[in-house]
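Read from first to last, the chains carry the letters A, B and C; within each, the first residue is number 1.
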């Protein structure tokens, strides 16, 4: 895969993102090519995510053309603007006040944590059908970064819960599901550390990832049911229109950073496996490292 | 072929029946210990009895699940069966059904212990046993799968609970809730949704794990 | 069918961690022949046999056993191939007869001839004793009975003489000769060259995962 299409997708996403922002602040919709604003926002988000993931798959092997620093820089930039806007420009929320500003990182973290786990799941499924070790490296990177994001999510959830409900931990279905997800994927990382044979490790952790990922919706619904009698489901995710900009900017900031980190971890995983495995034989070297 | 696999598992279990007795004693001991965590408060003990029963069974299950692979790995007998050839799915379902029966028996055997220790009895034994059967099925399907991996890895004793416990949260939740509804009464008629959730969990994992098992045991 | 090779392997290779246990082995064995595979410990004999019996996959190369592909048609290969491995594949807590019955039931065979089979490997007296009371040589005999039970068309014997007494050696030779007269292809991995040379017609020798000799068994270089 080449980096070119990724850059084009990202550029389209950035353009439509800019259009959305301009339309919101100045009421100008001349740049929108006649599309309705909802469609533009969806298009911007879709292109941004697709571009980031394309960039990841094009450059996460050791011999990549575009370095991870590109994505990391983009991510820091988005995160800086989004956080500045969210902390200083956007007005405080009507009912919850300043506390609500944590949503500008909390919600994007949640989206990206789920995205990272979904990415890991997709890599696991692909690996089982098409045994190429680069999918194993990607899966490891996605799980590691996903675990970090899930951990951050639990911390932010606790910070949010304390002033809002007066307790550090609330058995909210989303928070609880995140915690279960965190431990399930930590278990898979542990499994990877305790299996020496790279082929077995790759297959087993793919299987474990599929099994754990399928569990996520079941956990969510069971906790929601379990908790439904105790308290009304609160919904801190509802965000009115003027809060969209910092939320979206931060979401893309974290997405780009996540991609950068997954790239680093995937490259590391590939290098580590090369250390563990005998180099390809000279006469069969052209076959690559398929299983 | 499934019959052959199941017969083999039951024969192996019968030969290691002293081990099963030891696991039962372990489960009963843990039920005794849980009551010390609450203190001599008979009201609270009764309230939490179903949770303690399922935690006791869950802790015991890690022992029986790991044990069900000990005989297979000793002389690589599992590989021997695969080369005969045997269908990996039949081997999986044979082992999963055997583990399910064993865990169900263990759960049913722990009920009298729970009744005596926590004063948490019920006359609706049919429902209670049905819940134990469904809950044990939820433990056995992913447990048999994960034990196949961990029995061949380093640090097997740590790894199995690490993988299994987060996964079976929904099954545990549903089993505990349903059991306590049977013991403490069900004025709001909530039992059916919990049992359906448990059945759905069982259906998903019994089919998914059967599908993936051959990838785990074959090279 | 007679013109297909019993074993037809090209460029088989398999790595274990940092080492290529089998580097590049090509091999053709015609049906009904007895071939000795010689080589010192760690030369790749066991890895080759484990690949040919589909216990493990090759990392490179391909092979056909009686025309069936080793990777894509595993199930068909396994029907025809029996492996005597250095793992006994036995359940320790089951008796000799129960071990054979488990194997027969999984393969869908009748369980009536198990007694005769145990007599055949001189275990008739101990057929109702659990395997964990058996000596290493007795386990080997029981594994042999398990191979015969499978009625295979290709037999891979990995160190069949190990742990056996002289009476056991004679038993192995007798069994191999009988298999041969029934048209079964036999591969014997051993470093007991004079023993192997007596039953085998052809031989290959492995060194560091490669073939270093092909030819008549009598001329096989000692390693």
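Quick note on the criterion: a contact is a pair of C-beta atoms (placed from the backbone, for glycine too) under 8 Å apart; a residue touches a chain by one contact, two chains touch by 3 or more.
Here the structure is a predicted model, which means the values were calculated and not measured.
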{"item": "Chain contact topology (line, ring, star, complete or other)", "value": "complete"}
{"item": "Selected pair, greater C-beta contact count between B-C and A-C", "value": "B-C"}
{"item": "Centre-of-Cα separation between subunit B and subunit A, whole angstrom", "value": "34"}
{"item": "Distance between chain centroids, defined by C-alpha means - subunit A, subunit C (Å)", "value": "51"}
{"item": "Length of the line joining the C-alpha centres of subunit B and subunit C, rounded to whole Å", "value": "39"}
{"item": "Multi-chain contact residues (two or more partners), subunit A", "value": "196"}
{"item": "Sites on subunit B at which at least two other chains make contact", "value": "219"}
{"item": "Interface hub residues of subunit C, defined as touching at least two other chains", "value": "57"}
{"item": "Subunit A partner contacts - residues on subunit B that touch it in the complex", "value": "142, 145-146, 149-150, 152-155, 158-159, 162-163, 165-167, 169-170, 173-174, 177, 193-194, 197, 200-201, 204-205, 208-209, 212, 215-216, 219"}
{"item": "Subunit B - residues contacting subunit C, complex", "value": "1, 3-5, 7-8, 11-12, 15-16, 71, 74-77, 79-86, 219"}
{"item": "Of subunit A, residues touching subunit B in the complex", "value": "128, 180-181, 183-184, 186-188, 190-191, 194-196, 199-200, 203-204, 206-208, 210-212, 214-215, 218-219, 221-223, 225-226"}
{"item": "Residue numbers on subunit A that touch subunit C, as the complex places them", "value": "196-197, 276-278, 281, 283-284, 287, 291"}
{"item": "Contact footprint of subunit A on subunit C as seen in their complex", "value": "11, 13, 15-20, 23-24, 57, 59-61"}
